[in-house]
Amino acid sequence: MTPNFDFHALAPEIILSATIVIVLVADLLFADRERWQTPRIATIGVLASLVPVITLAIDGTNRVMFANAAGSGAYVVDPYALTFKALFLVAAYVTLLVSVDYIGEGDYYQGEFYFLLLTSVLGMIVMASARDLITIFVALETISIPTFVLAGWRKHDPKSNEASIKYYLIGVLSSAVMLYGMSFIFGFSGSTLLTDIAQFASATPDVAPLFIVAIFLTLVGFAFKISAVPFHFWVPDTYEGAPTPVTAFLSVSSKAGGFVALLTVVYVGFFPSVNSWQPVLWVFAALSMIVGNLVALRQTNIVRMLAYSSVAQGGFILVPLAVAQDGRASAASLEAVVTYLLIYAAMNLGAFAVVIAVSRRTRSAEISSYAGLGQFAPVLAILMSIFLFSLAGIPPLAGWYAKFMMFRAVLDAGTPWAIVLGVIAAVNSVIAFFYYTAVVRQMWFKEPAIEGTRSVEIPTALGVAIAICGATVVVIGVYPQLFGRLGELARF
Amino acid sequence: MIMNQFLILSAFLFCVGVYGVLARRNGVLVLMSVELMLNGVNLNLIAFSARLHAVSGQVFALFIITIAAAEVGVGLAIVLLIYRNLRSPDLDGVDQLKG
Amino acid sequence: MSWFDDWALTLAVFLPVVGMVILLLIPRAEEGAQKLVALLTTLVTFAVGIGILFRFDYNRAGRLQFGVDKSWIDVINSRYHMGIDGISLPLLILSMFITVLCVIYSWNHFPEPHNPKAFLALILLLEVGMNGTFAAQDLILFFVFFEIVLLPMFFMIGVWGGPNREYASIKFFLFTLFGSALMLLSFLALYFLSDVHTFSIPALSALHGSGIVEGTQTLVFAGMFLGFAIKVPMFPFHTWLPDAHTEAPTVGSVLLAAIMLKLGTYGFIRIALPLLPKGAINWAPWIGGLAVIGIIYGAFCCLAQTDMKRLIAFSSVAHMGFVMLGIATLTDFGINAAIFGMVAHGLITGMLFFVAGSVQHNFHTREIKRLGGLLVQAPKMGWILGFCVMASLGLPGLAGFWGEFPAILSAFQPAPGLSDVVFRVYMVIAAIGTVLAAGYLLWMLQRVAFGTPKSEFEDADIHDVGLAEWIAWTPMLLGIVILGVYPNLLFSLTNPAVEHVSRVFAR
Amino acid sequence: MLDAAWIIPLIPALSFVAILFFGKKMPRQGSEIGIVAIATTFVLSCVAAVQWIQRVNRYEGSHQGLGALGKSLMLSTQEHGAVVKPVVHSITWWQNGAFKFGIGIQIDGLAVMMLFVVTLISLLVHIYSTAYMKGDIRFTYFYAALSLFTASMLILVVAPNTLQLLVGWELVGLCSFMLIGHWWEEGANTNAALKAFLTTRTGDIGLMIGVIITFFAAGTFNIVGINQYALSPGADHTLMVVGASCLLIGIIGKSGQFPLHTWLPDAMAGPTPVSALIHAATMVVAGVYLGARVYGVFWSGFNIGDGGMNPMAVIGAITILIGAALAFVQDDIKKVLAYSTVSQLGYMVMGLGVGSWVGAVFHLFTHAFFKALLFLGAGSVSHSGSHHSFDMKKDMGGLRKYMPITFWTFLIGSAALAGIAPLAGFWSKDEILATAGQGGFELFAIVGLVGAFLTAAYMTRCVYLTFFGEYRGHGQPHESPKAITVPLIVLAVFSVFAGLANAAPLGLEKFGEYVEPKFAFPPVIVPTFDYGLAGASLFIVLSAIGVGVFLWFREEEMHAFKGLTKRNVLARGGYALLVNKYYLDDLYEGVIVAGIKGPIARASYWINQNVIDAVVKGAGLAARAIAGGTYTLDQDVLDAGYDGLARETGASGGLLSRVQTGRLQWYALVSFAAIGVFSLALVIFR
């Protein structure tokens, strides 16, 4: 078995890796006043790696590497992988835009920031192609480890330290648990290749309980990443303590990375062993929605509120997955998750971008500091409202379509358990509305708390980031067909 | 080949690790407990690999060892930061963020 | 003119968006330009409406006209499918019409915190949703428009509303959102249950729910029922309405009462009934029951009010009860009456809210106790109030009667399969409701308009009906009279379309 | 004109619009528009009447014999196909489902008669008001409302279907509301207006449901169709009974029948011309008109042809008695007349109930003249004699010297009302009583006689208190201007001669001949003129007047110097004794006259004010109380429930957020615990 390297297929990873090296070296070489070049290199690198993604998509052939005899490989480039690679790269681009002024103006050294960020992104685009437990593990750790450091970026701030250690320790623990589970899966199936595991699972209808537990333990690792309840504890604390751009990155890219892994292992690996993962995911979904939403109701800090919101949103994204094996839902579920992730990325990044923009002016993340934003920064307030309403799922903003696809999958499944989950989701989307509008109400219904009506200055990069997210949310909301195709394409 | 002894040992290692993580207050000791858990995993993988004559288990274990090293490196750095800021390596002190 | 036929509905729905964008580009200081743009936009939209009125083929009022069927979201088989028939046309025109008048009324009545730009933009956005809902022929499209309406109204109440505005706006939004979430679930269920896998309303209504067993229909209907009933609002889901109305600025109340409540009843007629006939038959007695409870209950709540606007708000609960009673009979008679009732209620209650708004504008209070002698201080306004009260209590010769009486009439003989006895009891209760309606409305009129002004307002500077108000109100008043004198204008329009709906139940 | 009769309601309607928009700018503030318009309609109505008479004559001329027999054989003549059918024209007003509903005209004898009455009295009231309402703050508005009322009433009159009738019915109610509340600055007036509107509207529930039932029974709103159906052998009797009962409720509300009569006296808060036009001559008889219009329903529903008892007759009879009894204890001249109206409306309803269609309608006809006359007379008195007061005891007395025309016309009106032959009231009342006596309703004939006695007595009292004795007011009484006296004289002429339209012993039965429908009409009996009954009734009336004169006139002489209250008490004691003595062993009436001695009258008044009216008021108060309760329920239970739900949701969030302690190892513990629980569950529930 000689590894065949398809360089076209690996081009995005290669370009990104090169960029990472260049960023690292450049940071060493540049004089202090030239350091602003570093983010520019990073940005160019990210956009450059998008090019092969596009050419691959145009090319359209499925490329399989490190394949076994049956032709299924450990590393695959297919529409599914490409869709997510594109998502990760675009999200990374937006994150870079969001970060550049935040990092540039802060007291902390900047070169490594981009190095770490890009490394994490590299992990993600590897994850999109990974079809093997080892690759998935490596990708997952490549995603995580840089973000542990990023979360503690503000070295002298105890809160940032706390964010980092919590994220780190829970992360490491959950990957230990995941690995423990994976070791048993390997023990049962004799392979780390997901297709082999699927074969084993479908060939062994009456599988040992230990195998089921092993699958569950594996899922725990991803549950941590996607911040599913009850493995979400790190989320609010870390999101609050970490620098806001990092939080944005964690809540979108890192989370999407976890979801990609989960989708891959579930659809490619564990799909036949329905008893093992479906109930678990059902409970994760229900708990995430309920706990995330209810606790979010009590938050006074906007980042913390968005953290719980992202827990709840994670629950919504899990819903289709939790019913994927029922009825005819499997295709619709995958489509729903992919669509939801794409839309979620746009609206959540947008919301965090606005938070960053506003905190430049107010120096606060308290929701009450948003009072009267509609008066002194109407454009920001409008955009923030758009993002929040989209998160709440109000048409004609993209969020509605995401929720719609979720409900569609639920009803396509049609089983009583699916319907129950659907109703839980429906009720929760109403509860969610309450805390999203808490911010909206502050912005529009209240008088400004701070003196003066000087408007908020938005740096160009941040402005572009917000504009991209805003445009995406509105356009997809009005014409969802654009993402509809992506969701449909992203099949295994 | 006798499988159960390996599995029981690895489970024991794993559980000790879990206990350590939960019970130890010192950040460094917690990190070491995590290492114990990972070693339990490695033991499992190698045992299975040997039994099934599948090499990928050993490859997996190698990856784990490597990445664990990186992880612990980062972890120690973070604990060090905490020690600097709080003058204590105890994890009990890090509870500013809650609710 | 086929160009117009193809584009009319798209223009009718999306012209306000264009206007809104232009409006948003005008600097904040240029208030005159903003008002002008808003007015022009609504007028042009209304002109499209007039065009539709002229081009509409009244001999084929039962069929969909001005149809547009373009691809929209292929992934889920949802299409940009628009079209209107005799049921939608009057409501669509009403919506365009009222919006114009609201913009005119706003001319010098911007509530605090002023900001005409935002206010007018929201009105325009609202019009998009309202027009779209009445024109949509695809369930998902309908849902989207149905929801679009929420946001502007939420802001209108929340920003320009009264003292308790936050509570009211949130409540309004949460209630409707809850309903529409379940409604969406029902739409989806319908999609998967029907063999054709489509969201097209005409296609689904041609099926008459065939292939879906009765129990399932009843369940799915329940979801839709919640969605629409909250919007109507029917007892016991009405509690958002008084708060929303009381706190909303005048124009908001008018739009809410005149158009937005109709979205729910329209949904029943357009979607719930034809798509799920068996479910409808099972639910009809309950709907009828809740409707008459609403009539009596709303009336009693009105009698207890001390706030003029709140009283009118509760009167909406009662009036919509008549509409729902008409719908619940599942007969062409009742549904025609319901549509008439919708339009009439739109004009009349809209007017009442306008007057209440002007009263508040002048007296800075809506407390009925503190008011009195409006006829002395502002005789024209007083007479208009009296006129609207008479129209609202269902005086024949004015529009209100033709929604109320035929609805009661239809309850005597509901569709086959429904219990005559039950509906006849409803009929009697509803008839009693007309007396209560007269009671609370006249009592309000007596306390507000009659008598002499209270001492605190004796020297108040009261402006009688001004130019903007005349321009905004006269068409509505004329509408009330014209529809009242010659109801066939509307009945002949809706009848053929309604027969399509009711035919299923007539068997 | 018969085919174009739709013009008749249209003219006053246009006049209403014209006055509304241009009235204020006219030299006489719009009154001239109203007068010209109504005069035109009056002329047109007369033309229509003449043409109708010619039409009937034409038919009867070609079918001699049948016409004479006709009245009792209406149905049987149908197959001859030669009866006079009403002129019906209608256009589609609205359509709903398979039904088309028309608006139009149905002109027949009844309609023509009503057109004549309404337009004539309306015209006189218009003229009268130019003087009476002179200088009123809302003079123009008053005329606009009068025009609107006339238009509405005419719409009601010419209605070919029950729906249009209902429309007119509600519109006249609106005008009544507007005019009762004409001086709306006063709380009492607006209360009266509200009460009138709401009480009649309560009755309208019955009307509405009755209309609905007859519609579904007959499949049409057309009056002819409904009558045809009701009289056809295949009619659903249950529906007819329920329908007739419901319609009767409508009549009770509109025509001031017991127990919904209490609004009518209160309605006197409006200007007097309005009372004359609306609350005496026209609007309040709309109920009777309805009864006469869809008589087939009542005939078949209440089995009127079988005699005995039926709700309609009973209601009418009760109303006669309570109305008359209450008229005794009023000090307000308009209230006397109002209760008298109630009582007379009772005659009409009873007349319909006992099968005396012609009698009831004829009474409606004559009553319109003399009661309008009386009201206008009372208005004249208050205008020129008593300084705008209506209190007979405080501000009137002895006015005959000052205002002779008013006095004489009032006297004629009273005599006509009392039923002194050969004035109008005598003939019409007699027709009803005769039919009752001969149609198997003897008891009701007796009630009618009792009512006649009471009527004569209270009118004597009224005339006495107003025109005789000493002037007790504080102004300078003088005769009213011509605009007031001329209408009085005109009406007096009609009060004298209108009865001759159907005076059987004189060979004049034209009224029945021209007014009574020949088509789709039940076989009512035609009473033969009963000289005994007529004589008895005349005797009763005269004796009542005698008693009245004796009581009040004598009493005045004897107690002229004593205080009012004391005089009353003594008087009551005194004449009660006398009356008892005089009648004790004579006629039935003795019992009732004994009742007049005070206790019963007062008791009935007390009951009226404190029980029946209290029920009406109580219904209002109860509604308000229930309203309060409902609203409390709404806010404190339903709404609070929703709010509570929201609050609890928030609180549960707070509870859950406590798990987020911030302590790292606690998080790890919870996570591991969860892993343990999940694993166990998976193994157990595999």
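As written, the chains take the letters A, B, C and D, and residue 1 is the first residue of each chain.
Keep in mind that, in the parts below, contacts are C-beta pairs under 8 Å (C-beta built on N, C-alpha and C of every residue); 3 or more make two chains touch, one makes a residue touch a chain.
The structure displayed is predicted, hence computed values, not measured ones.
Q: Smallest number of touch links from chain A to reach chain B?
A: 1
Q: Would you mind telling me which chain pair, A-D or A-C, is linked by more contacting C-beta pairs?
A: Greater number of contacting C-beta pairs: A-C.
Q: Closest chain to the protein CA centroid?
A: Taking the mean of all protein C-alpha atoms as reference, the closest chain is C.
Q: Report the inter-chain centroid distance for chain B and chain C in whole angstrom, where each centroid is the mean of the CA atoms.
A: Averaging C-alpha atoms per chain gives centres 64 Å apart.
Q: So, what's the distance in Å between the C-alpha centres of chain D and chain A?
A: So the centre of chain A lies 79 Å away from the centre of chain D.
Q: Calculate how many whole Å lie between the centre of chain A and the centre of chain C, each centre taken as the average of the chain's C-alpha atoms.
A: So the centroids are 42 Å from each other.
Q: On a C-alpha centroid basis, what's the spacing between chain B and chain D, in Å?
A: The computed centroid separation for chain B versus chain D comes out at 98 Å.
Q: Which parts of chain B, given as residue numbers and ranges, touch two or more other chains?
A: As it turns out, chain B has residues touching two or more other chains at 21, 91, 94-99.
Q: Show the residues in chain D shared as contacts by 2 or more other chains, in ascending order.
A: As it turns out, chain D has residues touching two or more other chains at 646, 657, 660, 662, 664, 668.
Q: Of all the residues in chain A, which ones touch at least 2 other chains?
A: 165-166, 169, 173, 177, 236-237, 298, 434 - these are the residues of chain A that touch more than one other chain.
Q: What are the touching chain pairs in this one?
A: A-B, A-C, A-D, B-D, C-D
Q: Touching chain B in the complex: which residues of chain D?
A: My answer: residues 657, 660-665, 668-669, 672.
Q: Per the contact definition, I'd like the list of chain C residues that touch chain D in the complex.
A: 171, 174-175, 236, 239, 297, 299-305, 331-333, 336-337, 373, 375-376, 390, 395-397, 401-402, 405-406, 408-409, 412-413, 427-428, 431-432, 434-436, 438-440, 442-443, 446, 449-452, 486-488, 491-492, 495, 498-499, 502
Q: Quick one: in the complex, what on chain D touches chain C?
A: So the residues of chain D in touch with chain C come to 92-99, 166-168, 170-171, 174, 177, 181, 184-185, 187, 190-191, 193-194, 197-198, 201-202, 204-205, 208-209, 212-213, 215-216, 620, 623-624, 626-632, 634, 638-639, 642, 646.
Q: What residues of chain B sit close enough to touch chain D in their complex?
A: Against chain D, chain B makes touches at 18, 21-22, 91-92, 94-99.
Q: Can you tell me which positions in chain D touch chain A when the two form their complex?
A: By the definition above, chain D touches chain A via 646, 649-650, 652-654, 656-657, 660, 662, 664, 667-668, 670-671, 674-675, 678-679, 682-683, 685-686.
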